[in-house]
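Chain nomenclature is as follows: A, B, C and D, assigned in order of appearance, with residue numbering initiated at 1 for each chain independently.
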Amino acid sequence: MIQEGLLCKELEVLEVRPIPGSPVAHLFLEPLNLPFTPGQFVMLRPKLWEYDPLWPRPFSICDLNSEYLQIFFQVVGKGTNLLLALRPGDKVTCWGPLGQGFPVADRALLLCGGMGIAPFIALCKQHPHPERLKLLFGHRLPLEVYPWQDISDKVEKRASRQESEEELLLFEEELRESIWQYAGKGKIFACGPHPFLKVVHKYLVESKAQGYLSLENRMACGVGACLGCVARTRQGLVQTCTKGPVFKAEELEL
Amino acid sequence: MIQEGLLCKELEVLEVRPIPGSPVAHLFLEPLNLPFTPGQFVMLRPKLWEYDPLWPRPFSICDLNSEYLQIFFQVVGKGTNLLLALRPGDKVTCWGPLGQGFPVADRALLLCGGMGIAPFIALCKQHPHPERLKLLFGHRLPLEVYPWQDISDKVEKRASRQESEEELLLFEEELRESIWQYAGKGKIFACGPHPFLKVVHKYLVESKAQGYLSLENRMACGVGACLGCVARTRQGLVQTCTKGPVFKAEELEL
Amino acid sequence: MSVDLRVNLSSLNLKNPLLSASGTFGYGLEFAPYGDLKTLGGIIVKGISLKPREGNPPPRIVETPCGMLNAIGLQNIGVEKFLEEKLPLLPEETPVIVNMYAQSGEEFVELARILDKAEKVAALELNISCPNVKKGGVLFGQNPLLAAELTRAVKKVVSKPVMVKLSPNVTDIKEIALAVEEAGADVISLINTLGGMAVDIYRRKPCLKNVFGGLSGPAIKPVALKMVYEVCRVVSVPVVGIGGISKVEDVLEFMLVGASAVQVGTANFMRPDTLFRLVEELPLKMKKLGIKSFQEWIGKLEV
Amino acid sequence: MSVDLRVNLSSLNLKNPLLSASGTFGYGLEFAPYGDLKTLGGIIVKGISLKPREGNPPPRIVETPCGMLNAIGLQNIGVEKFLEEKLPLLPEETPVIVNMYAQSGEEFVELARILDKAEKVAALELNISCPNVKKGGVLFGQNPLLAAELTRAVKKVVSKPVMVKLSPNVTDIKEIALAVEEAGADVISLINTLGGMAVDIYRRKPCLKNVFGGLSGPAIKPVALKMVYEVCRVVSVPVVGIGGISKVEDVLEFMLVGASAVQVGTANFMRPDTLFRLVEELPLKMKKLGIKSFQEWIGKLEV
């Protein structure tokens, strides 16, 4: 029960790299000297946040190596605006890696919507056989905005942009086909905004695929204590931060 | 009653210049195109303050010309720490010049303690006959930390550092003598921390000098509305922000 | 799309729902340099008493996380001076509502009579919720019988709309609201400040000379919103929401739970043009949300 | 200078005054990776009921200015599972206090009996102040007669110290405090959360599925401090201060106004090592202030 090594540390900001003309940015922090599983996340709280915002913010580990901890984030509100304002040398309180990442998979289909690409960057980098991975990426912003090039070309990757309702419907159809085709051949992992996950979930359940979804519920503590981030599962309401964020599709009620 | 021209503006930060190894710094903002009287102040609220700190912060106008509005400040808490973190291009909401500055004086003795030097920088710069001014400056930090060189050598200026209780008592004695000597010869202006003002006030009243004190009461609004900054005067409790910050010594009860 | 900002508070018609909260906007004039007072929905002035009051000794204010405590103690120039020196300078175009404070029912009635006669006063706000004074104040507001009695007495001598301002420092605010409605209140406003305190560990003393103060500002918004919602569900008179409002979103939140108008308090200290900016931003935000008039918004929370 | 951090809560001796607040520290184990649980003054676990409870449907939490609203609804694994699976893993060196929730007096008594028998439970905390449940909860805490009756019933079947946790959502908290003291409460803790609400103007819905929630965090500290001060002046049993505590200064403030110990709640979410850091920082701060032991500090506010 008691996990060792999940310490709360003050990490130095190495770089904040905004993508010009877009609401997204990369944050590089000094590395945590800890192993992680792609799909796990960290809680971040810049030292200059006193009480407002009150909570730390959860972010997927986009990459973690001996040189840096990388976060790929979108500016949506108060907290992410303040992340963007960080400067090299600033301190960020960080705890993690937290939660359950994606399970080990020899072959996998990776479905990502928008910022949901973040954990798959790490997954593709770490996978011993990237050629056994297939990745389908739906996005609204131009592709250049995303760390698309960080995903090895060995991965069978395909990006498709949705700017209209119609394109979104086409993408949903593409998701449906991919899932039905892949079901039985390997695991299917998905990460993205809630509406995207709902669609994926439906097809995963229908096709009886071995699917896993990563949820982005609101979190206060990240350590399983506040019971604020619960997801509805077959086992009842459970903490997304500790039992997830990655859940078996069949366990989840979305 | 209704003053025109005291607008609330968003000013750009031109420079933040910390004095290395000290808790003080200069803040340069784009100028306000408004006349002012030395002793007047502005309320500042960097745009990135949302609710915490809640209030703006009052600062004496250290200088205001066609190029910049200069604030000389000491980092003491939350707000001033955030001022120090401002970068060129950041926006600061500013209203003022506010309150009653020092009255016009052909000759004057200027008594300042520590950061209380700020309004006198402007006063000395603006005075048509700086040679008719005398300035006595008591300080705790090394003299280099203060904008001492910004005061023309034409001003008969004298600085004395107090690092111990004994030196403080000696300085009080010096204040007493200066005030008694100057009483009747011209106006006496004082600005500094509360204990310093209390001493000055006592001698001003005793010597029946024409004295004026600038108070630094806590302020919420700066415009006379909250009634939080009141000082006790012969007219009862009045707003320091609008009836002051500069008060006639004989009017005040400290 | 054009947007209609008008709202009604009983017989009082406002061009928009943005009022200043008493005690945070002085006598109105203090803010004239920062915007056009004529654009405001209404001006509620600092609490006025029969005789001038000096208020509590300083320190009277202290900053708290996302809020502040005040113990001003109703310093004011008295009704006479107010009517002579301040009221005439306020613009005709904006209804002036006078917030009243007195220590007894008789005093309240006397004050109300005087104000009712002043032509330029559009309505009265009965402050039965000030936590910072020894007598009167919140004591009236914590007891439904006393609150109702006082409301009834004032209503009897007044022809102008009477708004009663409630205290949040009660077990059940609905009970007080119903009591004053029953007693004839034309409008109910809430909340006044929450009782609070701050201490200085270095001096081992309370930060406020008065020891206790009233908590206001964004920190209390969730408490205010709940109470406004609860009161709106039980009364049928118009309700004015107060507490921590500083953004157009906040204004729309209070109206969504049922308030017909709002008062902006502490946010006036955050920057002196807050109210004027809200008046400008409100129609823009409404357009974005597709709200044509407040009829389709007030109380339309889907629960 | 050496500093003595020990304090007593009735017969319970604590090595320091820093306790976790119920519902914000899980079952304690969640925080073991971030510090040494043995260093804490005490651990108050999530509210426990006779049977497991699923709590309220999500969304259950929302951030507010310098605070948060929660409507967890007392989700917990039930007393049986708690005693079997959680309690044995907690360190012997730190008193474990169990926060109890039940829907009726009988259930409270039954639960208290069970917990009283569990050797490792050092004391009980009676939660009569939860605003997020339909039955029980705050209803007990808003009525002095009910509060006293419940306290008396629990005290009758229990030999361990009983701490009663009060709700701030009342007109006069002193009255409730006196009632439970009279009924035998060994310790009084306060405050629980303030009732509050948040709405989403884009969806026109409450942010919390439960509509209402409880406000906690730094925003409420001034309210908590006042109530703790007021209660400390009228009761003679030890009082535990709760509400917005996140820094050593806050701890010392609550003790200066009279609290014998404190509970740290929402601040555990700000960073998971908050309590452990406070345990380290407290003696350093006391040295700076020249406080040798809490005897010379508790209740020593100069008014």
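Keep in mind that, in the parts below, a residue touches a chain if its C-beta (ideal position, glycine included) is under 8 Å from a C-beta of that chain, and two chains touch if they have at least 3 such contacts.
Just so it is clear, the structure is predicted and the values come from calculations on it, not from any experiment.
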{"item": "Those chains which touch chain B and also touch chain A", "value": "C, D"}
{"item": "Maximum centroid distance from chain C, chain identifier (CA atoms)", "value": "A"}
{"item": "Gap in Å, rounded to a whole number, between the CA centres of chain D and chain A", "value": "35"}
{"item": "Centroid spacing, where centroids are CA-atom means, of chain B and chain D in whole angstrom", "value": "46"}
{"item": "Rounded Å distance, chain C centre to chain D centre (Cα mean)", "value": "34"}
{"item": "Junction residues of chain D - those touching two or more other chains", "value": "64-67, 217-219"}
{"item": "Numbers and ranges of chain B residues touching at least 2 other chains", "value": "50-52"}
{"item": "Chain contact topology (line, ring, star, complete or other)", "value": "complete"}
{"item": "Of chain D, residues touching chain C in the complex", "value": "64-67, 69, 142, 169-171, 194-199, 201-206, 211-213, 215, 217-223, 225-226, 229, 244, 249, 252-253, 256-257, 289, 300-303"}
{"item": "For the chain D and chain B complex, residues of the former touching the latter", "value": "65-66"}
{"item": "Touching residues (chain side chain A, partner chain B) in the complex", "value": "48, 50-52, 78, 82, 85"}
{"item": "Touching residues on chain B, where the partner in the complex is chain C", "value": "1-8, 45, 51-56, 93, 95, 217-218, 220-232, 236-237, 242"}
{"item": "List of chain D residues in touch with chain A within their complex", "value": "23-26, 29-34, 46, 54-55, 57-68, 70, 72, 75, 89, 217-219, 246, 266, 268-273"}
